[in-house]
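Letters A, B, C and D name the chains as they come in the text, with residue numbers starting at 1 for each one.
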């Protein structure tokens, strides 16, 4: 439901226009330095950025309620909240009976029997991804301490395409990415993408795109065959991010155009270690890491909130109608989704590692 | 790990060349007629078929060990096994130290510390998918009783492409598909696909492909925002099938080329009901069913076991080597994967419905 | 870890002297009237009461952060916090290296590697039981709507013994109990118990006791054989309350002195319904409710915090020492534990019923 | 439901008179020597023994279906079955409409809607405890390798009482117990107990009793506050054993008669280590092990199947009736329950340790 993970569990809560959104991280190892700078940096990357995002501005300054003492995790549940300060409930009044196309207004209305708080998307709001980002930032820091790096860039928006990750050794690209506000490797592609987003905004329309994520430094042997395959757990987490509609690992859908002899990644010895010379498998064989980088791509649909008039219906009277959505909208959320994908990926990887290595693997020295 | 589901749980076990593979279905509703004919039909569809599949022939006749009495489910755990009768352990001896490219030999060796039973792929074997198929066939029958149909066809192998599902009303196609051994709607496409598979076999190579799955008849309101989104749960299950490397819902990766105004599915009233006129969302908004068919596509990689000589390494001595895989192999497993994808999809949908409606929704009348 | 339940899940967090304690209820049905009056009443019963409890006074006024809209549950996670306003961190400084006997100071120190926040017991504090009480009060209200009543009284403190529940029909007693601040049926026994507690306080010592809980109105057929037996789930929840050291259902330990012919509860027809004439089974056969009241008793140890000087050790230097605990302590927490036992019992029963009947059984009418 | 555990999960299945009972152990570490001698020894202790138990004789020779290769665990699910060879279905025909008092016949009938297989108790049968015993025997062996010993003796049957465990150092007693078929420390008490059982059998009646379990060698720091307290997890497992009606840790219910100053266990330094001089806490503080032996007592009700005529009802026609139970019954199952309590205790302890130390803590050396 709203809890995910086995050894490292995240529970999320909150509505867009309620008092706060927040989360509880259970199973947090003891003695992990809680670097609020890292957290804030990721939260800022997720936040709306001028010109190409919604005008809504939340300060996104988290309050930690428990589980941290003297700047270190205690090992008990780490609860945190982000107060909703800039909510304008009135913008959404007209939506109450007319569901926005491809939003959760209708499906959520049936699911929650009409009792849902729909303002700002309620619990479905993208604002909840700030909670994922907070928790994931802590996981990213924990992984980094062990030499495991995670990073996500925009691979494509419209016709603008970034250079792909080097699937065999993406470390340099991951480091370059960590410094960028707009997560695109090529400056030229970044410029093109921003233009596409601004054009869509000017047309009161929206665009989607494809992101690409790499995890480097994860040794072989993590994951499971069957229901806890790395692909199963990563995809489960990634599909919990609103707007995600597809995921592919390694060569992904392109594998349909390859022969086995092309798709197979030959094993080779490199510097005395077992590696593969290509990485069409995306670092995973039989659900288990093979020591190569984990690489996957995610497609995010165009934001469904657009300014153009659309067809919809009155849910109560079952009549067709037209709908114009007022309020502030993102013409594109792909760049904002990148730190969120990083976050859930890091949470999954940290969880999988903790299952194998025990709950103290990421913990501080016993005092 | 090897258990999946919340209200309806499946645990799988077994190795390819061990005494048996099998499963336990926990949470099975009481008083469901156990139609072994349906089960056998799906098992037969999953089984190797002459000419285009491996020569290995398991009879795949299941033995039920518990949970069925007088042909009806009791409601206690339903355990079943499929004995492994046709195992040839000697075929795999040469593989012990040299991992097959893109197989789980290496990653599994590290994961299981060298204690794994590697003959025939051991626990990673595609043979385990017979267990998924058995359990899923029961779920498919339960869903059918409630008017929910599930079906999967091969959408594409190489350049041969089947007609797509009608994303708005696939019922007729689903019924046609239920009668087919080779799950392709267009007879011409089926012929082409078989030729491509035979060609790959003749080249001692293999091919992959893309499947498409539809679920019709699921009402709006099932699923959850966030971690139990329908996409999360379906993808989790589908990625537990060996060889799956990508999944996309609705318009999927093509959404990256669409504007919001094109991607959004307008709500309309049809026969007094709320529907959408297009279905680019694949029947899911905000993780929750919207009453339209659920549609997704899955990519399966080319079978990694090919007869062509390949590069690999000695795991012990860390030396490069060449590998020729002996034994019987499938040049393509896409057609065999279709009933397995149906199976796990049905298990997820039945589970989600039971969470909402209670454990007796699919049960027989109280006696 | 800190999450409990299947369909109705509670996650707890917080430290005694941190910013707040709180919880998240996931799986809350939609459209349940949130009666903060009921909640406050139970919180007040759990709170310290003058004369026989600690001098610490928390206002215990909860803030709801999410999941409630217009006074009704939305069905999304219901998060709430109780701010810690009256914490005196300095009282606990002397304890840092010398663990209090029979407290979690030492075991928790090893578990959390020295990073725990020990002030006021930290995450082990009885204050966390306010979180259980809040969540349980909502569950009690939900059950009451369906005719299921829960209540706990003090059965015994020292030599003072209350009248037992009528195990066959405790309804009248349960209603009487609901009105009492000090949860004892006999006024005379209540007076004696209070004297015993005051005496212990005067001796700077503490006392424990035995509580008795009854659940009436739960129909037959809820629960499971084996790992989800009602006894398993209730005991799991009850043992999460600090100071609980034993639980017995029905005749409990006295069954060791009975023959089968005495212990068996004969089935009889009463008012056209199947009942038993005695209830030594405590309403549960084979892990499943039999329609009779569920009855169990719980033993709570004497509060380990006492004013008398005690033997302990320096954890760092491994030397024996003497310890005098400063600060405010409860000479008895048995009366305060009663609403907490009610709370966790109601959470378990509501969860078990929701598994059987679906997530909307307690929900409001669809709007 | 029928699965228990987090890292080390056991799923049980089977009916008394169906083809087989069995289990699946998921999360089994790789490279553990599977000593079928240990398993058989525990299965034999659980089996009926001449004179004081039922005349039914199952050979109880398990068949392993998966997860073991060359005598070592592979790390994949370990499935095993015990065929039911000696079932006499006809003995139970008369029970179909008249539920046996204090059996699960009635509650199970409602729970499973009339579809249950009631012969021999079906899924509720004590025969299922052989499955727990098999799995637990493997866990006991794993713990023993790490110096952790588990043992259970009969503490009391009727007026016959065994010497209690030395709660501070029970090692010698645990070793003595491991060699005994009838798990009682004092030969004199054993003789008395057997007489009491034989007397009950002669009267066509039954007796219950109290067992005592100790776990030595578990270091401090295992367990959790709140919902995963050691008491919560142990009690959850122990209450899944049929006939268990109460459990108490350490001094248990006797704590109601003690002052805090008596109940508290003073910390002392012994041989340079932190210990307590008494063990009224049963080795657990705040839900977490404190390094002292874990000690708990369990009460088992008298077997409900007795030969004496009893009152019952016709479930269909709702009329009172008298019932005489034919067939073979145990006059006492307390001695047979001892290895089962050992088994579930060992499973819980191994699981808790694996959560802390990782899945490879009990695994063999990587090959």
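The rule is short, and it goes like this: a residue touches a chain if its C-beta (ideal position, glycine included) is under 8 Å from a C-beta of that chain, and two chains touch if they have at least 3 such contacts.
Everything numeric in this text was worked out from a predicted model, so none of it was measured.
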item: Between C-D and B-D, the pair with more C-beta contacts; value: C-D
item: Centroid-based (C-alpha) most distant chain relative to chain B; value: C
item: Chain centre separation (chain B, chain C; CA means) in Å; value: 45
item: Interchain centroid distance [CA atoms averaged], chain C/chain D, Å; value: 26
item: Chain centre separation in whole Å, for chain D relative to chain B (CA means); value: 39
item: Two or more partner chains touched - positions in chain B; value: 1-3, 12, 76, 110-111, 123, 225, 360
item: Footprint of chain B on chain A - complex, ascending; value: 1-4, 12, 99, 101-108, 110-111, 123-124, 128, 156-158, 200, 203, 205-210, 219-229, 231-233, 235-237, 239-240, 242, 244-253, 255-269, 272-274, 276-277, 280-282, 284-291, 299-306, 308, 310-313, 315, 318-320
item: Contact footprint of chain D on chain A as seen in their complex; value: 6-7, 76, 225, 354-361
item: In the complex with chain C, residue positions of chain A that touch it; value: 1-3, 9, 11-15, 18-22, 24, 26-27, 30-31, 63-67, 69, 72-79, 81, 110-117, 122-123, 360, 363-367
